[in-house]
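A, B, C, D and E are the chain letters, set down in written order, and residue numbers restart from 1 in every chain.
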Amino acid sequence: MSDASNVTPEVDERIKTRSRFREALIRPELGGIVGTAVVFALFLLFAFDSGMFSSQGVLNWSQVSAQFMIIAVGACLLMIAGEFDLSVGSMIGFAGMIIAIFSVTLGWPVWMSIILTFALCIAIGALNGFIVVRTGLPSFIVTLAFLFILRGFTIYLPQTIERKTIIGGISDAAEGDWLAFLFGGTLFKGLFQWLGDQDIIETFTRGAREGQPVVDGIPMLIVWAIALVIFGHILLTKTKFGNWIFASGGDAEAARNSGVPVNRVKVLMFMFTAFCATVFATCQVMEFGSAGADRGLLKEFEAIIAVVIGGALLTGGYGSVIGAALGALIFGVVQQGLFFAGVESSLFRVFLGVILLAAVILNTYIRRMITGER
Amino acid sequence: MSDASNVTPEVDERIKTRSRFREALIRPELGGIVGTAVVFALFLLFAFDSGMFSSQGVLNWSQVSAQFMIIAVGACLLMIAGEFDLSVGSMIGFAGMIIAIFSVTLGWPVWMSIILTFALCIAIGALNGFIVVRTGLPSFIVTLAFLFILRGFTIYLPQTIERKTIIGGISDAAEGDWLAFLFGGTLFKGLFQWLGDQDIIETFTRGAREGQPVVDGIPMLIVWAIALVIFGHILLTKTKFGNWIFASGGDAEAARNSGVPVNRVKVLMFMFTAFCATVFATCQVMEFGSAGADRGLLKEFEAIIAVVIGGALLTGGYGSVIGAALGALIFGVVQQGLFFAGVESSLFRVFLGVILLAAVILNTYIRRMITGER
Amino acid sequence: EGEKYVLVSHAPDSDSWWNTIKNGIALAGEQMGVEVEYRNPPTGDIADMARIIEQAAASAPDGIITTLADYDVLQQPIKNAIASGVDVIIMNTGSAEQASEVGALMYVGQPEYDAGKAAGERAKKDGVTSFLCVNHSIQQPTLVDRCQGFADGLGVELGNSMLDSGADPAEIKNKVQAYLSANPDTDAVLTLGPVSADPTMLALQDNGMAGDIYFGTFDLGEEIVKGIKDGVIEWGIDQQPFLQAYLPVVILTNYHRYGVLPGNNINSGPGFVTADGLEKIEQFAGEYR
Amino acid sequence: MAEPIIRMENIEKHFGKVIALAGVSVDVLPGECHCLLGDNGAGKSTFIKIMSGVYTPTAGEIHFDGAPMNFDDPRDAIDAGIATVHQHLAMIPLMSVSRNFFMGNEPLKRIGPLKFFDHEKANKITMDEMRKMGISLRGPDQAVGTLSGGERQTVAIARAVYLGAKVLILDEPTSALGVRQTANVLATIDKVRKQGIAVVFITHNVRHAMAVGDRFTVLNRGQTFGTARRGEITADELQDMMAGGQELVELEGSLGGTV
Amino acid sequence: MAEPIIRMENIEKHFGKVIALAGVSVDVLPGECHCLLGDNGAGKSTFIKIMSGVYTPTAGEIHFDGAPMNFDDPRDAIDAGIATVHQHLAMIPLMSVSRNFFMGNEPLKRIGPLKFFDHEKANKITMDEMRKMGISLRGPDQAVGTLSGGERQTVAIARAVYLGAKVLILDEPTSALGVRQTANVLATIDKVRKQGIAVVFITHNVRHAMAVGDRFTVLNRGQTFGTARRGEITADELQDMMAGGQELVELEGSLGGTV
């Protein structure tokens, strides 16, 4: 190949130079990073003394963001694999209700209820995926059907079995259960008590809990969120399977021809999304002690929004888990921050829409740069 | 080209025969036609004596179906043009609220309020479309943003202006208004009175309206639905613009290269969808006399479901207005029919999901036949 | 024997409070030997509810029991139903005047605005001057009425005191916390049902205000009853949904069988449930209470 | 010599950081087949997309029929009489052949004050034209997606020819075609040219170019090596120019000079 | 003569109502370049897709290395040592070149009990292999979407070659390529063949086939006209067979026999 050397120098003659700096900028997370910076800057400016950045305030928006993160990780990987799942919200309601029915109505041990619920929900996720890959239908439609079906059962089941649509009393049942702690517990209580004693973090000044630290530990919810983000990020960028996820979403046919087991990848991602939704539901049920038929409404959109703000491409094949996590963080901070800043609460939706729009336009611009302005 | 004749006979040697009957079957509406037949058969069987097929019962599901049809026509044309609009539901709430604010709060004449609302909503539709065609973002995201923005304003505006989320008293304001009649009136009152007098249709047996027919005419809602379906069908199948709609949705790039003004087509379809949503809202407001912030929730999905049941392809370029109208009819009949049949109302969603899934699988099968099993 | 009654509500089907209503009509149906059905618009869209009333009328039941969540929207369908020979009782939302205006037999329920106002007046007596109203379904006019009534009862502007919290418990909890830490001088919290009350209670427990801040709520539920017992919640306004569902069925049945009808409307609420005498309530909260 | 129907002067086109065309001048005469040759990425497709109004040039002038022209939209070019068959087909698989055939140029019939798409006429013409090209359809409403690649290519060419253009641009029409289909396309070019229509024909295949070309322009890395008339240049010279002016001695040697 | 590495016997494939292959037998020897020729829609792509496990045949048998084989999935074929470059590229535009290069065959490195994608190794190999093919990338993480068609084609071929197949299948690799790129691909085929790898090469261009082919199989309408060895057949005969056995006298005449 002696002409190889001839080609090399000429290739660049037709390419205008592009600065190193600009090169460094173009990564899928960029939109998320910029967004996060802007959002924090704004709230530091306008809501600094509202308590938003006290230890309690931080915990507050961290928890909301962590919730979004848990479902965003699943939605992100699924979206990169070229599909999406509108049944996430209904799945959250359904999973919570099933745990409640198993543990309260049927009186099974909580750990068993949780494990069975995970098995059931992941199986439903697999069914979703199976229908999508076998019929070739768009996942929008298939999962829309499951949005209705699961929500229907979430209302119907407790109504027929228990004559109510909120089942409470799970806290009592979960008392001392090892698996329940994994979802509803709080870590590092000692450390936080010590921090409170040392006046490093605030303590209650009145009421029953006077002297205790305002923030008494890290809720497992946040631990799950961080663990899932790390897991998702490593899976996506550092493993063979991650490459398959990109490939399946980028061009399923091409991936299949190159030996990527596309159907398996997609079904697994649907299962993972269901897993994330179930984690969300279990944390919620364990924290609040009750399951309601209205849980999880609109969560599917919120997950998709977080993922898209985080730079993923709705059509698949492109995105990043870190980006999605930042999207979730932005989402959570904005939502809570508006309350801290005292903005009329019904305007929250308007802000959400505007931020979404701004974020995707920014992301598109970045992506065009990466793929060469096509 | 003397070899033309040589080619002709041979082409078919590799094609297995396909019956005339099967040929006749493969049209986009087929799923809708089969579905409608099945649905009516089932309800005639199981709910015949429930009053579902009395004049009042027929009017009931006709009105519900007509509502779905109005938004389905818009969603159908837009979907065929390759986009979709998740802000339809919020647009319905928004449009109604704006009419109420103009006519009740500001006291403007109703006809003026209606016209201005139409102008405003169509402009928002155009903005939606403009953002989509200019940024190349998926319409899912752009219209999702507007779903939140419009719903936010629908709650915020009356809340700040009138301190409630529902504005009534429009009926009084609309009394005698010519344009209000076009949306909230009833046609053929004389005919129906005569039919009632002849005992062909039921009449009220007591109260202030004793002797009057239970169904006193055709509501303008139904007239609008039929008119829009006919308009949409002719536009799509019989005009040059219809060909452009198909082309824009089938492959925007190819269409553009062939001289189809794709951007214009798409923006116009967004405007038409907004128009349909506003018709829906105006009919509703004029019939019921009040606008509420909860109006139109989830209607975007219902429109999309009707269109998809009616055989359109979610990815654009394929579908039929008649199919969408049949989808809306199925939807309306099933929804109301389940009530007539006395099915537990929380199971409605389960049915809806199952029907949706069954319908799309049937439609996919049909479409594969049309496009040669690819 | 075997009369058929339909109850139409305005609640989205995930609203858990309406459960008691379902149980109420079911029990009454069983006891009276009549057929009862519960129907509601899936998303809580009141325009859809109008269609359901029309549908119910078309299916020719003996009576319809319905709420008057939006008078403008619902009056015509109700009038038509009555004209076609169906007897109607208004329950829950609406008022006695509106009920007689549409031609209903009677009204059983608790006028929302008045209930809110009564609560506000009570809170004012207890020294409350500012409050937070946690609205978990801001689209529903009846919920706004409660907040508005409370504000008027207190004699303050509603303004930003009404929080559009959404129905997700974690969001409600965190939004309440955010609001309270941004507005630390808030005296009282008002929640509008179990959906918002349960997470709000947790929020207060978490930020140490439980038992310290004045906390009232509408409607009962398991957790609410527990909260009243624990002293976290001052009072719950019990409008006794069971009666709103049970009584109309019984009244209609007896009316149709024997032609008897009470001469007056029935106010099922507002009754303030406090820490005294909670036993029965505890047992049946969420089911019949 | 006739006046050129299109004269493109010093056309430049930049895509973001990529300079696709760096000043190319070409003119096209009526009734000639003008071959555009060049390496991958030389800018051929970009050049003809400017001609057909898909892109606006970054710099440069276009003269059409003597007058300066500025196509903002493919529609403008089509209206002016420039029909293009793009490299990546301009066919819509889910639409019927006849709808595709008339896409953007629908025949109309009046009914009262309104104008409707004249399906009958469209169907008839489509069937006729396709038959002339040697393709027999199951029916005019057969979806394009059911045709083979070669058949689709033929529909696209038949459409461009039928729509009565003054200039017909074909971007690598033969690259995916079999021998017989290629012969068919070349014969069509020949026929069209004889009707006085100017044809711009892009190909990588020197033999195809030599078979029908009257003039040959070679592009290289966004610039032109100039235009040669038929007979002024041999196939081998053309081959060398297309490869970027380097002599492929080494490769040719090992492969027996048959590329 | 060596044992065939692949023997396909009486392969049939039906798609719904279309009979794409009606019983085709072909064998491929190690170290040979076996050219598969034929008209559009003759069934070439379908045939090699069966070879590479994309489709399962409706009827017929496949023997690989002497043993009967049944590929259910492209993975099986790849694992057995069959690398394929499909007609419609198997590249994913949004992914980087190096991710594409190793798609489905990712190099792994162990960290503790876990295995991770070895990006460093992947990047290094990709850069090296691409350099060998005469393409210099901006970096291994450049997205494939930013490459020209010819460059992408080259990546696909380099990948197939690198992955150390026993059989390399190329479906019309040269159709969209310029002269120089074509020469490059043909030279690569030549080189690969000499390493003892069997190459199946599909093309419409007789000259390309004659340049590297050892044996030639012509498909026509889902059937085979048989296989000829190099030297047993002339380019013209091949040309006629590819056109479906009809002599294109008429066309040839008007175009000067240059197709």
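We adopt the following convention: contacts are C-beta pairs under 8 Å (C-beta built on N, C-alpha and C of every residue); 3 or more make two chains touch, one makes a residue touch a chain.
None of the values given here were measured: they were computed from a predicted structure.
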Most distant chain from chain E by Cα centroid: C
Maximum centroid distance from chain A, chain identifier (CA atoms): D
Homomeric contact chain A-chain B: same or different residue positions, threshold half: same
Angle of rotation relating chain D to chain E [CA atoms, steps of 5 degrees]: 180
Separation of mean Cα positions, chain C and chain A [Å, integer]: 34
Distance from chain E to chain C - Cα centre to Cα centre, in angstrom: 72
Computed distance of Cα centres, chain E from chain B, in Å: 50
Chain E: positions in contact with at least two other chains: 180, 184, 187, 246
For chain A, residues that touch 2 or more chains besides their own: 3, 151, 155, 159, 344, 346, 348, 372
Residue list for chain C, restricted to those that touch at least two other chains: 13, 138, 164
Sites on chain C touched by chain B in the complex: 13, 37-40, 42-47, 50-52, 54-60, 70-73, 76, 79-80, 82-85, 103, 138-141, 144-145, 148, 158, 164
Complex contact set, residues of chain A against chain E: 1, 3-4, 7-8, 11, 234, 237-240, 242-244, 246-247, 250-251, 253-261, 313, 317-318, 370-372, 374
Touching residues (chain side chain B, partner chain C) in the complex: 50-52, 54, 56-57, 59-61, 63-64, 155, 159, 163-166, 168-171, 202, 204-210, 212, 214, 284, 288-290, 292-298, 336, 339-340, 342, 345-346, 348-349
List of chain D residues in touch with chain E within their complex: 38-42, 148-151, 172, 175-184, 186-187, 190, 204-208, 210-212, 239, 242-244, 246, 248, 251-252, 254-256, 258-259
For the chain D and chain B complex, residues of the former touching the latter: 52, 54, 73-75, 77-79, 84, 86, 88-95, 99, 102-106, 108, 115-117, 119, 131-136, 143, 145-146, 180, 184, 187
